[in-house]
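Shared between the two complexes below is subunit A, which has subunit B as its partner in the first and subunit C in the second.
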Partner chain A sequence: MLQTFIQIVLVGLAVGAAYALVALGYTLIWNAVSLVNFAQGDLVMLGAFVSVGWLANRLGMPLWLNLVTMLVILGLFGAGLAWGIYHPLRNAPQLSAIVATLGLSMALQNIAVIIWGPQPLNFAGPLGTTSVHLFGATIYAQYLVILAALAAMMAIQHVLFRHTALGRAMRATAQDAEAARLMGIPTARIIAFIFAYATMLAALAGWLIAPLSYVSSDMGVNLSLRAFAATILGGFGSIPGALIGGLAFGVIESAGSFYISSEYIDVIAFGVLIAVLMFRPQGIFGELELERP
Partner chain B sequence: MASPVHVSRRSLIKAVALAPLATPAILGRAHAADPIRIGISGPMTGQFAQNGQWMKNGVAIAVKQVNDKGGIKGRMIDVRIADDLGPNPTAAANAVTKLATQDEVVALVGPHYTPGILPNVPLLGKYKIPALTGATGPVVTQQGSPWVFRVRLNDAIGADLLVKYVTEDLQWKKIGLGYVNTAFGQSGIAVVKASLTKRNIEPVLVQAHTDATKDFTSQILAFQQASVDGIIVWTDDQPAGLIAKQSKTLGVKFGIAGNTAFSQPIFLGLAGEGANGCMAIGEFVKDNPDERVQAWKKLYAAAYPGDEPELYATVYHDAAKLIIAAMERADTISGEAIQQALTGVRDFQGIVTRYGWTDNGDMTHSGIITKVAGGKPEIVKVITS
Partner chain C sequence: MAADASTLTMRTLAILVIATAILCGLLLPRFLSVYYLQVADVTLINILLVLGLNFILGFGGQMSLAQCAFFGIGAYAFTLLQSAGMPVPVAAIGAIALSAAVGMALGWPTLRLKGHYLALCTLAFALIVERLLVNWEGLTNGANGITAIPGIGLAGENDKMLWVLLAVVAGAYLLQVWIANGPLGLRIRALRDDPLAAQAVGVDISRLKIMLFVISAAYGGLAGICYVLLRGYISPDVFSWQSTFSYLAMAVVGGLGSPLGAVLGAILYTFVPELLRFMQEYYFAVFGVMVILVITFLPTGLSGLVLSAFRGLRRREKSYARSDVTHHERAA
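This part shows the complex of A and B:
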């Protein structure tokens, strides 16, 4: 059935787009400072709560202003993470910073319950529960919004990284922070900007997926794990890898659940991940690191 | 003439010598005035924290009522709370251990979830503390523990009544099944399957999900492709809400029925218009015209302005009242004496139902089938096992 196939693939791509946005955050921070930020999924939750719990429900802010304001707030929060978590621990063993992000993850979840309460919040998003018909298939319109937002974000990112001085400084810092600093790039500020940008990507994912389900303190936990798997699948450290890995992981889950078994969906999705890593340990887009003997 | 120093030293020696004799008397007096501690093991943080809040509210009203009247045998009741994170076996075992060993509670309200109470069944026996739980999984009372008292309808009974309703009253022939992949969902859906088999019906499709599942599109489409008349789903409130909401968005036509989750406020809030038409087997709806329910609604609203009583607050209010009544009847205030008194309950009128203990620990024996209309669950059938 072609229409069912279209539905399954589109759902997979939309869910995968959320994984991809979080995976991009992992990748950018990893490339810049060799740190896996395990709180990346909780920034998804934080973005959704700021948008829905504060800006929409309390201030009644119009939708698009809500989105921009939320991204600015979360961007500042992300920069704060660089100064508050990364910088104090940058000379400590790498494990210390990673454990700090795990602690941050738990703290954020509990702070969210204290601030916004335990009741899940509903968010209609730009289109509510509208569905559209495409090639005979009924599609939740929000899925198309998510895919469009991912495409727009990738276009903006391409322009930022390739055609602006800031983007070039970010790439230089990501490739070799020490060399970039010697070339006069203010790496501390650029690292703060990378954290801010990665946080905004996660927060955008939260804003996009909230209308599909609800906003709750643990909404980032599952997403975080899957996005991390997607990062590995695509090739750790590869930006195209994070994007393709996220989308692929979403489609594998969706198709596996429909065509094979929903009861074994995690076995299927993570089984594919293991299989890929067995035959291509560096992931789809990753590069093998060769050491001289 | 004795010097002041000499007298002081003698007094000191006497005091030290007499201290061991005096201590039990002092402790005895303190013991009589000590508050009686009862514990709540419920989800206070995380995804299920709202349910824990409702548990606390329901218990607090019952405890305030008895404390305002001077307590039990001159002792006030002090409620101790531990966070068990809901259907989390490890956290629930830690919560109950803390309540038993550090807070020294004599009775427990909760844990509420089947995966939460199960690891605690042996611990309750070890610490000799009765627990009144709302966990509905049949497996809970299959353990044969005398310390577990179930204050809600056993899924073994409820699921069978629901299957009877959809197959006989609604004439569903092709039925799909869905369940949350925990001990609660697995044991509930096993009863549904057995009940269908008894009626010579094989489910056309069985699907599982987790509490973390947020997108049910592929599962809903699979049910649609199997041309089911309806699906029976055994799950928690949040997944129930998403299943109904996403089914509505995808425009599917099959019916949805399930456990109590499909009538609860969290489900109604998440499902929106998708909730309409969904059916559930349960015990309580706040719009029941019964005068006890309406009086409780007023009492609750006065205590918690802006909130309304739902199943969790109500059933655990009843549970607290059962414990209080047991303590009043018991000779001493101890876990063992309260457990003995609870086994003597035959016809206790609560708000949800009339409670009566049976050998396996079940105290609830009737249920209601609800159907959501205009966003509110309405009673369509009252069933007694």
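This part shows the complex of A and C:
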């Protein structure tokens, strides 16, 4: 009994860690420029495809080089998004920005099919479906890698944001872009950095989950919806909220599908989400932004 | 093609629309193969869905992503009511009423939400409806769907259904123009352009938003009924939550808030790619990029282009297609 429970929680946390990486991307971009990037999940997909379709299958790169190269490519792509999507629409109404990122999502999915074909790619990675035993539970070793990666990422992010000039400039831009600009911070470049970093987080999630699922053009869609839900659960705009929301959503999903109903888990999870939106739209940690009815 | 310009009286427009519909009904079967005729029928259903989306998204400026859910609710409600022994008109009215009621049930509690909150909430709702259609097997027969639905006995008869659908779409089109040009339309535009000012001059914006949700949902439900009549079978994958993005893309590229835009958008998204089958992925990749370009540089969409070309000829009046969308709202 207890072993089953531990197993469910560990799997939930690992899946939730992937949600958290995507959710952090939403949060960072939202804080910096008040834009919700609905294509964040497709960046996950892009990261997985670049890593598996190009770097692993074509070039046969060793794993570490694969990861670094992929992150650099996707980082540049993310910076490009800041210029191509955000800048032209920075004064437009929120609706236009949402629509634009949905258009981006549609474009990216079809471009992925053009480049890598309609067949999903398979990538076992070095661990494949190796299982490990932990506290009596049996889980894929890759799940532990995902959890470790999230922890490492959080440590890196902490150092970046708290102890480097770039990180301070990023935080300043997120808090008040206008004031930051007047203080001499090159906000346009910093915003491009934030987009690059958020994209790298999503791509890292894609790299991490690629061995556990097929790499297909629509793999990001479900992930992004759940990460989005996690972001709202934690509270939009809150970094700890995105983290805890992601992990919590993963555990709720994993436990709910085991203990309640695997068929109705989506109904329950998203029903809860709608209820959260109705009664506590600021989530667990978030800011409040409402319209008077 | 000046269907949106308020320079035209309602009667002229009605004649134009009906004439276009009759012309389509006479000409399309001559030029199109059976397959393409069916694509034309599906295009008409998509026009209906985008017309519905126009109310809430185009007129109301509310980011609703639930149109596919109302599509599904209408289709399943009609099917189940008919199989329960109700005559077609009663089943149809019941299905539309149910869609509208669900629209109200979604619109009322989400009044306070805006932007991405509303987008996610309606998306979550669409996902829940889809999961229910798949899993509530006692009611919906699950993923296998329901086959051999009698409808009006025209399932698969694409040429006859063309006339039915043309009539429905022409009616729905004219109703939208009539609403938009009437006193309600004024309030709707006031809500979209400046909710605060609208409220200040006495527009009950809460009631208006709910009303837009309800009309949107009713159009979606009607489209669902049409789909059943056309196909004779339904399954949940037709109403998947991801499909909602395609209706959004059609609405945006055609022109938000413009009935003519709904027609153009649906044709470009549904019919044209079937003609260009050999390059499908390229087409939709380009379409995605078009969504970005249109929303950035041409907020009135293709219908805005068509109408301004037309106005260049007539140089009078303005359309109610969204023309001033870009740079004001954020400050509000």
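Annotations for the structure displayed:
Operating definition for what follows: the second predicted complex is superposed on the first by the 278 of 293 C-alpha atoms of A that agree within 3 Å, B and C clash if a C-alpha of one lies under 4 Å from a C-alpha of the other, contacts with A are read in each partner's own complex, and residues count from 1 in each chain.
By definition in this document, a contact is a pair of C-beta atoms (placed from the backbone, for glycine too) under 8 Å apart; a residue touches a chain by one contact, two chains touch by 3 or more.
Source: prediction; values computed, not measured.
Annotation for the three-chain superposition on subunit A: subunit B and subunit C clash.
By the touch criterion defined above, A:99 reaches subunit C but does not reach subunit B. By the touch criterion defined above, A:176 lies against neither subunit B nor subunit C after alignment on the C-alpha atoms of chain A.
In the superposed model, A:263 makes contact with both subunit B and subunit C. Of the two partner chains, both subunit B and subunit C are touched by A:110. In the superposition on chain A, A:216 makes contact with subunit B only, while subunit C stays out of contact range. In the superposed model, more residues of subunit A are touched by C than by the other of subunit B and subunit C.
When both complexes are overlaid on chain A, the residue A:119 reaches subunit B alone and has no touch with subunit C. Of the two partner chains placed by superposition, only subunit C is touched by A:36; subunit B is not.
In this superposition on chain A, the options for subunit C are 4-12, 58-66, 148-156 or 166-174, and subunit B clashes with just 148-156.
Touched by subunit B in one complex and by subunit C in the other are residues 109-110, 113, 118, 218, 221, 263 of subunit A. Touching subunit C in their complex are the following residues of subunit A: 36, 38, 85, 88-89, 91-96, 98-100, 102-111, 113-114, 118, 218, 221, 225, 228-229, 232, 236, 263-264, 266-267, 270-271, 273-274, 277-278, 281, 289-293.
Contact residues of subunit A toward subunit B in the complex are 1, 4, 7-8, 11, 15, 109-110, 113, 117-120, 122, 129, 131, 138, 140, 209, 212-214, 216-219, 221-222, 254-255, 257-258, 262-263. Interface residues of subunit B facing subunit A in the complex, by the touch rule stated above, are 45-50, 52-53, 181, 206-209, 212, 214-215, 217-219, 221-222, 225, 238, 241-242, 245-246, 248-251, 266, 269-270, 272-274.
Only residues 57, 61, 63, 109-117, 119-121, 123-125, 127-128, 131-132, 135, 195, 206, 242, 245, 248-249, 252, 281-282, 284-292, 295-297, 299, 325-330 of subunit C touch subunit A when the two sit together in their complex.
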